[in-house]
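Structures for review follow.
Both complexes below contain chain A, partnered by chain B and then by chain C.
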Partner chain A sequence: MKLIKKQIPLAIVLVFGTLTLLTYFVPHKRSVNFLETMNKWENIVAAFAFFLGLINLFYSHYTKISRKADGWGYSIFVYIGFLAIAIPAYVSHGKNMDGSVLTWMGWAFKYIYNPLSATMFAVLAFYIVSTAYKSFRIRSLQAFVLFAAAMFLILGNVPLGQMIWDKLFGWTSYAISDIVDWIMHVPAIAGKRGIMIGIAIGVVVTALKIIFGIERQYLGKD
Partner chain B sequence: MSDTFLIAGAWISAGLTIFLFSFLYKDNPFFKVAEHLYLGAGMGWWAQVYLYGVLRPKVWAPLMNHDWMVLVPTFLGLSLITQFIPGISWISRYGFTFLMGYGAGLELPTKLATDFVNQIGGTIQPFVNVAGMSSFALFNAVVIAGGVICVLIYFFFSVEHKGAVKKASNVGIYFLMIYFGASFGNTVMARFSLLYGRFDTLYTFSASKYLYATQFILAGLAVYFIVHALMNRGKKEIEPAQ
Partner chain C sequence: MIKNKSGLSLVLSFLAVTTVFAATSPRPSAQLPPVTRLTAADMPYDVGGTALLKWDVRPEDTPDVLYQIYVSSMESGGWIKADEFPADTRTGDGIELPFWAWNASVREHVVKVELNNFYGEAQTTGPVFRFKVTSVKDKKSYDSQVVSAGTVSNWFRLDRLNNLVMAILVFIVFFWAVSHAKRKGLFIRRIAGLDAIDEAIGRATEMGKPIYYLPGIGNMTMVSTIASTFILGEVSKKVAQYDSTIKVPHKDPVVMTVAKEVVKQAFLEAGRPDSYREDINQFVSYDQFSYAASVDGMISREKPAAIFYMGWFMAESLLLAEVGSTTGAIQIAGTDEEAQLPFFFTACDYTLIGEELYAAGAYLSKDPMLMSALKTQDFGKLVVMVSVALGGILASLGGLMHWDPFTRIIADLFKAY
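And then the complex of A and B:
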């Protein structure tokens, strides 16, 4: 039982991990074909993983409704929202446009999904600003540097910032966009590169641990 | 699509937008309805993406052409569903281990090349042509190289941060702060551009062509808040359980 419960899954990780890793270093047609097949397989398994999440979500909201838990009425709208997109998608065979005409799917995307997702992220603008107000209270030089970089970036992208800059520093012959450009391409890139290199080392170490079966937490308990 | 559906779409779009914005005033049932609809609609959207973008062309179509190899990832995928059956949930490991193995094998060389080797290369490369560089370009290259080294020292915990290491690490913090500030500024601008977009949509749907959808919904919501406030005057608002 240990063989099929633990050792074969670990062998799958080792075999698929090593073979996929090797394809990067083997510029052969077979290697490319193998990677393409694996990519297709990954898409298929990931699709099933999504449906696993979907079933889980539906089940948790079904439980909430059946137990009449606090706010159970809102759970019904999860199903309504799902059907509001899924039914038009089924009718339109997953197509947004039929030539130049909007399909039912396109209609549902334009008037239901898009307003919801865009507004949800737009609302965050207010919270970002209020959080910034709380966290940007300049207590140290480091906080001031963070604040100054953010302010340059924000003001540099709006006409008001250019107007203020022209009024105060117009004599320097530099535009605020030049300053923003310099911040983004010199000091910010240095910070970003340091983080990227650190993350890359972390990813490489974690990937090796997964391939060689040292990291097995994702297997869950026996 | 007929005008009726465009008007209905305008009312739904304006309504959902205003319901979500209403949270800025305070938590209310309209926001919660829109929030749950978003969750469901988001899942619906991804479900159709996976159904029509993956399962139909990559599983159903090959099976119809007697390409039985797709049964392997299909069974690996189906194995995930056993997560819901406690006795045989270990079968889901087959699917998960495939995803983990493939992901690790793919990420390892890609990250090493793009985020490690290429970043180090990009930092060193400007110094190859020092003689042909302007003094400003040389200054920039030195700032980038110095900044990267200082940031890496900040993240290097194998030596105690004291003396020169501490000083370099402190300089690294300033470069990180500039990067975080710049990222924050960009995020704020991206969110605000979405916000302008939503306001523009609300303005569009306030036209007579759409039967003043924005105005009517805004007025309706204002009436709700006023009536709700009047009915609950003097009552202490119960905080939701955390």
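And then the complex of A and C:
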């Protein structure tokens, strides 16, 4: 049992992890074909897993409805939403357009899915404002530096801000765009690169831990 | 006699006029010699399908001269124009390869001909192709001799030798650190966000409210998602020990399948397999904003005591974290997507930045083998710091002293090809 649940999966990870790593140094056609095959396998596994996900979704909402759990009414909308897209998709043979005419599925996407998706994305703008408000409360020196940098960026990115800057600080010979450029290309990039280098190293070490079986929690421990 | 004199002066006048005209009128264009010493070869270190043409730079290579590259797959005729460029461009230093893999000479023209652009991809590696270079000046063209070459798939990227050396070094340090860990423990600095996990789970238990764990919208091939499943295992174990409730809504069904195993195992290890329920992990939607809307709804209705955001997030990060923040939950986030970090900083109580996400699994498990691997991360950072400092000094020195070859060597050493 241990052989099937532990050793074989670990061997698969070791072999295919090492081969995938080697493809970076081996440009041969066989290496390219290997990577393409692995990607195809990933897509096949994902397609099967999607069915599992769908079954899980329906089952969990069915349980909620049958038990009359709190908010069970919302679960009905999962089925309604699914049918509202799946039936038109079946009728339209999965096509959005029939010549220049919208199919049922195209209609469902254009008038149901897209507006809902756009609404969620639009809500983000309001959250950004509330987040900006929280960030700009000056409670410490660091918060003040953040506030000052943000103010320069706001001034530099709107025409009104540029006019205000020119009126008040035009005599300094520094345009607001110069300051914005400096903030974005010196301190912001420096911080960002620091984080990115840390992430890159972390990715390498985590990959090594998985390939060599040091980290095997995803298999369940011994 | 007079007649003879006038005849002589007429001849002299004619000669004088022709001499003056000859001096002032434009010269007929000089014959442009055709390209000689043309060679064709396979482009090294590639998958195949690219040929490399070389010939010497000549004094005639002025901007008004054009070079045209022709390729043919047939034994005679069938020429296709593959490229055209001014004669004072395309020398050896234009090929993006490091000094140990390529002689970047400015004394020869080097042109890459990507055969895939003209012939089927399957036909370009193996068969022999013919090439010629035509020099064009004043609408007159002069063909070089015809050369032939085939392309092959290469087995090693010599240009990536610096990366290979670095990788081998990291391997050695990694195995040293792991073997070292077996003998004695290692110090690991405290990470506030991870220390707060106990507090968050304890709070949820006291309040009798659920804990939400969001593994992000990445798929299982992303290292941040894998790291998230490690943390989920440790969090689930603590949840099981406290007999609290955890919910894990998923965007990716593959991640859900893995997370199910991880959570089940964690409950088993905590000695509470009876508390494990199949609906802990729940698939919500494969669409980013549908997922965000659905999880926002769940959070608003159930008002969890603690929410963990660990993994790869995009625009939904703020949609989720702001809603979580309004419910008063303790929020701990961790992501390697640097664009989303500012949103988590503002909306969450604790945020794990990039590499801390990868270290979290080891930190929480206290497994010496896993913790020792963190030493490799420290070594990597040390190498980067030394490289940045040393590389910066040497490159600046080379720039100041105008040592161009030296500067190029330094740049090549630290470049990824």
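Convention: the second predicted complex is superposed on the first by the 177 of 222 C-alpha atoms of A that agree within 3 Å, B and C clash if a C-alpha of one lies under 4 Å from a C-alpha of the other, contacts with A are read in each partner's own complex, and residues count from 1 in each chain.
Heads up, the rule we're going with is that a residue touches a chain if its C-beta (ideal position, glycine included) is under 8 Å from a C-beta of that chain, and two chains touch if they have at least 3 such contacts.
Note that the coordinates shown come from a computational prediction; the quantities given were computed from them, not determined experimentally.
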item: A:79 touches, of chain B and chain C: first, second, both or neither?; value: first
item: Residue contacts on chain A - larger count, chain B or chain C; value: B
item: Which superposed partner A:198 touches (first chain B, second chain C, both, neither); value: both
item: Partner chain(s) touched by A:117 [first = chain B, second = chain C, both, neither]; value: both
item: Partner chain in contact with A:54 - chain B first, chain C second, else both or neither; value: both
item: First (chain B), second (chain C), both or neither touched by A:28; value: second
item: Touched partner set for A:159, first chain B, second chain C, both or neither; value: neither
item: Contacts of A:89 with chain B and chain C, given as first, second, both or neither; value: first
item: First (chain B), second (chain C), both or neither touched by A:42; value: both
item: Contacts of A:14 with chain B and chain C, given as first, second, both or neither; value: first
item: Shared contact residues on chain A - chain B and chain C; value: 21, 24-25, 42, 45-46, 49-52, 54, 57, 70-71, 74, 116-117, 120-121, 123-124, 128, 192, 195-199, 201, 203-204, 206-208, 210, 218-220
item: Chain A to chain C touching residues, read off their complex; value: 21, 24-30, 32, 42, 45-46, 49-54, 56-57, 60, 63, 70-71, 74, 116-117, 120-121, 123-124, 127-128, 130-131, 134-135, 192, 195-199, 201-210, 212, 214-215, 217-221
item: In the complex with chain A, residue positions of chain B that touch it; value: 1, 5, 8-10, 12-14, 16-17, 20-21, 23-24, 29, 32-56, 58-59, 69-70, 72-74, 76-78, 80-81, 83-84, 89-90, 93-112, 114-116, 119-120, 122-123, 140, 143-148, 150-152, 154-155, 172-189, 191-192, 194-195, 197-198, 201, 241
item: Residues on chain C engaged by chain A in the complex (per definition of touch); value: 45-48, 125, 153-157, 160, 163-164, 167, 170-171, 174, 178, 219, 221, 223, 226-227, 229-230, 233, 250, 252-254, 256-258, 261-262, 264-265, 268-269, 279, 281-284, 286-287, 289-290, 292-293, 297, 301-302, 315, 318-319, 322, 336, 338, 341-343, 345-347, 353-355, 357-359, 361, 365, 369-370, 373-374, 376-377, 380-381, 384
item: Complex interface listing, chain A residues touching chain B; value: 5, 8-10, 12-21, 23-25, 37-38, 40-52, 54-55, 57, 59, 70-71, 74-86, 89-90, 93-94, 101-102, 105, 107, 109-126, 128-129, 132, 142-143, 145-154, 157, 182-201, 203-204, 206-208, 210-211, 218-220, 222
